[in-house]
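Letters A, B and C mark the chains as written, and numbering starts fresh at 1 in each.
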């Protein structure tokens, strides 16, 4: 099947190096200490952060740093075919762990020992790149909650189909069987914190695809910075300080 | 992204932070707001100066092969700061100490040397000297356990009341609201509270009876406590009589004769979070008109 | 909303099937993590089914099930209504009822053509049209209004703070004609029958306002969608 036309257009009309439209909103869940909605094309994810607060389960308390917990769940209407069991399946558990490890690396957990930070991510619509959207949403939610972080974490995915590196795969491109490289970076520190790939990719192409994903991450980082600055500005200006 | 090499003449291992005032003040741009990870002060070690870092800022040591973290100071200044934002465009530093931002917000500076990032959150970071409203969760032999919306429960020693001895320990039921002062707040240790001021007098600390409590953000609490009095409270105070206690941890207690007054005041305060001074005045007038 | 082809229940061969499922996301409250939200989800799902779908015999359903039938006794539409609670501040049942009504008004069931020559006992062939859709008729769909009794007063649209103090609550689903389609009482405190009747009449009155507001919001949203 052709994923890139001879003129250089993908199935949804994008160029190979073009990302989908991103949109973010802070403060969607009123009850949560920090929350955000993040959309990448048709993929829509909501993240809520509760904490830092007292550890609920004493046995899990860590004496010199905060306990970071994460749960990833997909709504059963999020994919094309209705899912029977939205929580607790293996893919959800794996993604929960990946998000937790990525966010834990950037949260300054040693500033809040013996406390607990809960990150809940809920997928409302899945169209490829859910992992990346979740990490971006979690970053925004953590910044909204004022939890001290070394840097923002942004994430983007890239693939390789029809001999072309493609940025930000959607569901159709993702299920084509080609490689899917997901990268998470700390933009200011210029470090990679998350790197995952499935399927096969020749080594000489790997660096290109990874670099492409990193460029995508940086673009997301710029957007997230703008959103956070806009949010702060609104709070400050309205209070007249 | 530009990378810049700087030659620093002093050692990068010194524990206190150094900043050159002239370097910092030459970048004054009041429209830049910061986001976690932004480098705010590049510590070229020209002058021997100590700066104090408040909430939201952290010192990172040299970047060769990873970074080691330094301990940040925890002093917080609050009153009428001068806004200083320096848009240092260096984002990748070699061989330098750097102060970078850990919370999104506006950078504040108070002479001579205090910097902090101001932002508004739902949860509270305990700070020595703050007056907060806590809710008693449990009582132990030596302490009351009090929830102050922070990362850990706070301890209120049973003796830290005016004239407190082992014989007259107050009995606080679970759920009692108390107005207290934060005495100790170190990371890793539960914060300690007191119901007396520094000289040992009661000075309005203690349990609050009746009235209505609601949660707010820390930014709204700061605004309510700012001087001159914020427009909302001024407008309400002209026509209504009420008692109010504001905790810097984002809790507000209101008491008045009639429940309808209490509701009016609470709603007015909750609405005023995202309004400017003029809008607040208009909102209060509208609400008061509806009642009369 | 998701519609799939299925076989009708042998007890009601001329009606389609609808199943309502509500999930509570942990983003609404940390207690909903893992299996914590299951109890509330089950309670909400059954309450919604009772209010909108009628009794076991399928009669008196607020949603017209016979419109979902394709071939009597053989093929019908299975409509799955999935709700997700993302942020919670009390009065979930009313909010979910309003959401279901709004979603149903946006639902289009594809037109189905049945092959004329069908074997008498096998499955007839169906051709699902991709182009033509039948808009679901929502004029009969009821709206749910919950009255919460706190002390001696009843309040509509309680926040979670208010719900924490409730003694009991009655949720009534009322349709456009002012008829009651379902009723649920929650909470252990006993209610005087006259009080219940009074609460029900208050609900009918409030439901009119809610229904009008909902309908106007839905048509406004549809108009916006058509423009864009």
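Note that in this section a contact is a pair of C-beta atoms (placed from the backbone, for glycine too) under 8 Å apart; a residue touches a chain by one contact, two chains touch by 3 or more.
The shown structure was predicted, so the numbers you read here are calculated from the model rather than taken from an experiment.
The chains in contact with chain B as well as with chain C are A.
Counting C-beta pairs in contact, the chain pair with the largest number is A-B.
Among the other chains, the CA centroid farthest from that of chain A is the one of C. Central chain by Cα centroid: A, whose mean Cα position is closest to the mean of all protein Cα atoms. Distance from the chain B centre to the chain C centre is 46 Å, each centre being the mean of its Cα atoms. Chain C has its Cα centroid 33 Å from the Cα centroid of chain A. Separating the centre of chain A from that of chain B, both taken as means of CA atoms, is a distance of 30 Å. With touch defined as above, chain A holds no residue shared between interfaces to two or more other chains. Looking at the complex, you find that chain B touches chain A at residues 1, 33, 35-39, 56, 58, 60, 67, 69, 91-92, 100, 102-106, 119-123, 125, 150-153, 187-188, 219, 223, 273-277, 279. Considering their complex, residues 28-32, 35, 46-48, 50, 56, 71, 73, 75-77, 82, 86-88, 118, 120-122, 124 of chain A touch chain C. Those residues of chain A that touch chain B in the complex are listed here as 33-34, 51-54, 63-64, 66, 108, 110-115, 143, 145-152, 186-190, 224-225, 228-229, 231-241. By the touch rule above, chain C contacts chain A in their complex via residues 1-2, 4, 21, 23, 25-30, 33-34, 80, 82, 84, 86-89.
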